[in-house]
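Look for chain A in each of the two complexes below; its partner is chain B in the first and chain C in the second.
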Partner chain A sequence: MKSILQKAAANYGMIGVLLLLCVYFSAMTYTDQSPAGAAGAKQVAAELARLGGAPQVLLVSSDQPEDLEFVTSLAKELPASGSRVVAAARGEPQVAREALQKLAAAGTRLDAIACTQTAGAWLLFADLAVDFPELGSPRLITPRSYRWPNFLKAENLLNIANQIAVIAIMAIGMTLVIVTGGIDLSVGSLLALSAVLAARFIRDEAGGVAASPMGMILACLGAVGACGLVGAFSGWMITRFRIPPFIVTLAMMLVGSGCAFILADGQSIYQLPDSFIWLGRGVCFGGVPNAVVLMFLLYGLAHLVMSRMKAGRYLYAVGGNSEAARLSGVPLTRVLMGAYIVSALLAGLGGVIMASQLKSGSATYGNMYELYVIAAVVVGGTSLSGGEGKMSGTLVGAFTIAVIQNGMNLRNVESYTQKVVLGLVILGAVLFDKMRHRA
Partner chain B sequence: MNRKYFLLLACSAGLFSGCQKADETPAAGAAGKSRGLIGVSLLTLDNPFFKVIGDTISSEGAKLGYQAVVVSGDKDVAKQGNQIKDFIVKKVSAIVLSPCDSKSIIPVIQEANAAGIPVFTVDIPCNEPGVKIVTQVATDNYGGGKEAGRAMIEALGEAGGKIAVLHLKQAESCLLRVKGFTEVIAEHNAAGKGMVEIVTELESGGAKDLGYKAAEDAVQAHPDLRGIFAINDPAALGARAALEKAGKAEQIRIVGFDGQPEGKQAIKDGRIYADPIQFPEKMGVQIVDAIVRHSKGETLPAQMLIPTTLYRQADALKDPSLK
Partner chain C sequence: MSGGVPLLAMQGMTKSFPGVRALRGVDLALAKGEVLALLGENGAGKSTLMRILGGAHPADSGTVEMEGRAVDLATPQASRQAGVAVIYQEFNLVPGLNAVENIFLGREVTRAGWVRRGKEREEARALFKRLGVELDVDLPCREFTTAQQQLVEIAKALALQARLLVMDEPSAALTSYEVERLFGIIRDLRAQGIGIIYISHRLEEIFRIADRVAILRDGVKVGERPIAGITRPEMIEMMVGRELKDEFPQRRTVPGPVRLEVSGLRRGRAVQDVSFSIRSGEILALAGLVGAGRTETARLLFGADAKEAGEIRLDGRTLVIDSPRAAIACGLGLLPEDRKQQGLVLQHSVRDNFALPNLDRLAPRGLVRRGAEREEFGAYVEQLRIRLPHQEERAAHLSGGNQQKVVLAKWLARRCEVLIFDEPTRGIDAGAKFEIYLLMNELAAQGKAILMISSELPEVIGMADRVLVMHEGRVTGEIAEARRATPEQIMQLAFA
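Let's look at the complex of A and B:
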């Protein structure tokens, strides 16, 4: 029994930590939620029916789609219950005030104001008796709230995945590099370089706001390709001249960031077509963001390469003992070059995704990302001394970081404290991993 | 070994429970019940100016029953975007931000607009098409620049002389400051007495180190320089250090901008002649007031400007906040 537990801990330790974090944040963000749309409308209609008589009702909501659904279904339900809708206000509090003024001027008696939870909190309705005595004393009726963790809302879970997609994708390349016993500090700068290049290519070459999809794809491929060249250069310096990867990629980090600032002229480049946001903010089936789908596809592919293909075994061999690997016929130079090129390409892809998410390219993107990416890999159980690590672990590591950041934001933890907690959690995760290994 | 796991888990549980303070105290304001959350994401919290804005929104909001969450965008627009998205998930009643990048933040503000959450900007505007901002609260930088111009004329006296401007051209606010400043100088010169001539306009980055270099260069190029207008306190303090090194501190008068504690202290010590000072507290109060008025359904102007006040050595000597 004990050995099964230990085995489970050894294989799924980090997943356990991730799940614990999820449970913790779910419990901590357990708050009142308001039913929206048709469900909310049903509740309010029932409440109005209980009022009796033939109440005169004002409908209030914002103009977002979910609230409009609330209003339209309510308008359909109400006549059946005998209520009469005297007016409807959709939009800002100001619109509602105007509606109230109009009703007051016309001397209409108002029995109830039916509104969404959000609109119900408007201060406008707090002083109704003082501001609009002519209306009588209308009752404010909102859908009754139920309790559910903010953290576990589908919207938030997608949010987390979307927030971490860029870092997670870059972490794939970083895992390859770290498995070979190296490190790549240039990924954050390459992200910025790629975002700026993609935005510039689209603005200057592909026709700016009128760019065609083909033009945009070529621009993005160009940007990613340029990053690949930088990665190839790093790999060449490391393999040909035996300069430690830390130094080479540190230098390329400065070069990349500097080039990004020069190319962007210190500004953000925003003359991009609206359709450019497809990659970063578009969604496909079930509302899953495209960037998240891309992330999972890349992880699937990387997992296959690492566990089933020769290239994967070479990477582990080089990281485990490069001399032994070389003697047994592993093409050392090619393997190392490959790892740095892939890392740079994926950083470039991250830059394109971020440019798409923010619909602009700026040299300030990606600041400190290399550290988050390395943290994701290390939290995922990959050893910094090389030769060991799994793609699935890295994905879990990336999600752990995202969940902590998101959870703390939802819990209103102040930014400085967030940094302290994140740092300690990274340390704790690695410590946990070490102890697990000893066990 | 198993005991060690538990120890570690217990430690991490303790770690998290340490940061629960914010949520545990439900805001009990004047009305006795919570009005909701205000999500605030500022450019940075390293700068005391923004720190004061954030703190004032928290304290002023609490009085009216709002709870404020203040986070720092750390000048990283992607980070700020994530913070705003988390605000949207939390369904805050209002979002206040000073954009880290007015262009890149557009899609995120649009998301907040689509979620029906009113967005307010403070200090840094976002006047882009396609976004809905309820109102923008900022310092009247143009008026402040005029005050700085008058202070410079006063500092130079009847003799007038050559002056340099230490600029920060990327910032809209600084362009306005310099515009007001040069207009006042031009008006003064039109009167024909004690001519003040702007001989050079140098980039200062709004920072001490670059302000230092720019002032050094200005003094090299114009040995008879008599005044420097720096667009903020750090640049002014950097310039002052350069003048002290060059032995020209007595000859050249400096007018700064901001009124940060360090700048005020320098005015008290006579190292800077005067500052048009900004009022971050007033900006915080104004923002909360705007949120309340919007929620009551009032129409707000697109921009609410807070005037600056000129702050000289005499004011500094009376200032209780300086020791």
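Let's look at the complex of A and C:
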């Protein structure tokens, strides 16, 4: 029994932690939810249908867009269920009072008043039987509220995924590098460099605001490719001259950031076409953001490479014991070069996505991202000493960080406090990992 | 030893490591101002004894007395306090600190927390004067030659008021001129009443510097004589003196035509102009002492280190070998000396380890064919009788013998034509040893060329067809019929 628990902890430990965090934040954000718009309309229509007969209905709502949607949807639904709309009041309570007075004066029988939740709480409706006895006894029907965690609302979950997509994509490359026993500190700067380059290419070469899709694609590929070259340079310094990866990529972090500022002239480049936001803000099937789809595709591919391909085996072997790997015929230089190039390319891709999300390119993007990326990898259970780690772990690690940040935002935790908590969580995750290995 | 209380008296020293009894009740005594040479084959227990003296490994049992007083050498600090200084082959100097700082490291002369550099320097100068050498004490140690670093180590020992100095192969990396100077210093120290234990493989040096010789074999002291009362052949006989038991399988392969030809292999001082050839179905043994250049030769052959010169031909074709990958592509395989550091990725599964050199074949389009991998490894597990709970077992959890079989399976699956076995049975129990020997014979019967490096003379004589003996980077002799060789004959060549 104990060994099963240990095994579970070893294989699924971080997923457990992530789920616990989700449960915690769900519990903490469990509040009243009032359906509005079309959803609310549907519910009210069903309620009216249950009244039976052919109820005569007054529609009441404020003139907020969501409430208006509620009313229009309801007006469309009601005739089908046999109800008859006798009047509609939109706006202040005063408007509704006037509508009631008019109906009372006309001696119309009123069976129900359908209104939004906010409107349903108006004082006007508190004493209908006394104020307007002529109307009969109309029932006040509002969409019923229910309790559901803010955290678990679909839009919040998609928001979490979208927020972390860039870091998670960069963490794929970082996992490759860390599995070989190295580190890549340059990814944050390369993100900025790529964002600036892509924006500049589009502004200066592809026709700025009027750029064609093909022009934008080429500009982005150019920016990502430039990052790849920087990665190749880092890999070359590391393999050819045996300079520690920490130092090489630290240097490239400064070089990359500096170049980004020089190229951007210290400003943000925003002369981009509206269609440029397709990658970062666009959605496809069922409202899933494109960046999130891309992230999951890349993770699937990376998982395949790491677990099923020769390249993955080589990466693990180099990180586990580079001498034994070399003596077994593993091409050490090519493997390491590959890891740093892929890491840089993905950082470049992250830059393009971020430029697309914010519809501009600036050298200030990606500040400190390398640390969040490393944190995601480490929290995901990849050992900094190399040779171990899983892609799925990194994805879980990235989501753990995102969930903590999102949860604290929902709970209105100050951003400084968030940093403290995040730091402690990273420490806790690594401690957990150590204990796990000792077991 | 003439009367009085001996400087050092060790009695009944024993020490075991998992699977090995390194020392089995060794007694050793040393008088003030005496130089005792400690001799023995690789693995005889010299290093263990030295580490016990230095407090690096506490002994399992036995007593140590310094000048009649019992001392406990549980830690390096305790050993230093007892007046013992050990100079290991790998020096214990901080490369970036200068001679003075190294000498006083850990016991700086201070006043109110401030290091009194002037005083330290003065004392260091006095020490070097006592040693009769001039040394720029302000240079960082990394800029010193090996001989100069050794002097700093000796000065450090003197600064600690050591009364017993243990030196492990002190002459190994010195030029002949530097060795002369070292001997001069040793004689001076002896005259000052310091006892010295001198460990060396160079017998001629021992005759020049030692007063007495103690010889260890398999963790037991097999002899102790004053230097005047022993001859060189006697020394070697005592060191080797082991019977050849029936521990090697019979083999009836007649070597065929020459397959591997190596000529003029060279790299620095480690490998100097080494040439040999191996015939089809032949096992060629490389014998010699540790550091003679045998492993280095194998690494050059396999492309693990870059050779400065030399040609390698297989079946008449010249091979271009500039990396292990190229060597493997040419049909070579290496079972390295240190399985754990060089042969296996310990934290990975045995199957992943097995597949590593075979991925070109098992993953033809980049995607690993896991079924084929599992099946093929399973076949080798059965054939080599590797004992495994499952194929996903981590390599680290296997016994030495099973680990070696996994390494062997890697190369069998590649169908290598030339196999290099570097210390194939080190740290392996007798049963697994015999199985490895059988496999080597079977490979030879298939017409492969096999190079075996071994420090165990019985293994060399029992397994090889031919023996090449190396000494200090050169081939110093060849014994055409290994079966008729004697350990004494090989050792004579190894000590050159």
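Remarks
Following the convention adopted for this analysis, the second predicted complex is superposed on the first by the 338 of 439 C-alpha atoms of A that agree within 3 Å, B and C clash if a C-alpha of one lies under 4 Å from a C-alpha of the other, contacts with A are read in each partner's own complex, and residues count from 1 in each chain.
By definition in this document, a residue touches a chain if its C-beta (ideal position, glycine included) is under 8 Å from a C-beta of that chain, and two chains touch if they have at least 3 such contacts.
Quantities reported herein were computed from a predicted structural model and do not represent experimental measurements.
Within the superposed three-chain model, A:357 lies in touch with chain B and out of touch with chain C [touch as defined at top].
Using the contact criterion defined above for the overlaid structures, shared-chain residue A:325 touches chain C, although it does not reach chain B.
When both complexes are overlaid on chain A, the residue A:111 reaches neither chain B nor chain C.
When chain B and chain C are set side by side, the one touching more residues of chain A is B. Touch criterion met: A:431 reaches chain B, while chain C stays clear of it. Contact with chain C, but none with chain B, is seen for A:387 once the two complexes are overlaid on the shared chain. By the touch criterion defined above, A:317 lies against chain C but remains apart from chain B after alignment on the C-alpha atoms of chain A. Once the two complexes are overlaid on the shared chain, A:268 sits against chain B while remaining clear of chain C. Of the two partner chains, chain C is the only one touched by A:308; chain B is not. On the side of chain A, the complex with chain C involves touching residues 308-311, 313-314, 316-317, 320-321, 323-331, 387-388. Residue ranges on chain C touching chain A, taken from their complex, read 302, 304, 323-325, 328-329, 334, 336, 341-348, 352, 355-357, 359-360, 363, 366-368, 370, 410.
For chain B in complex with chain A, the touching residues are 1, 4-5, 8-9, 11-13, 15-16, 19-20, 22-23, 31, 35-37, 45, 67, 69-72, 74-78, 81-83, 85-86, 89-91, 93, 100-101, 103-108, 114-116, 118, 170, 292, 294-299. Across the complex, chain A meets chain B through its residues 9, 20, 24, 28, 62-64, 67, 92-98, 100, 118, 121-124, 126-127, 150, 153, 155-156, 159, 163, 266-268, 270, 277, 281, 354, 357-360, 362, 364-368, 405-406, 408-417, 421, 424-425, 428, 431-432, 435, 438-439.
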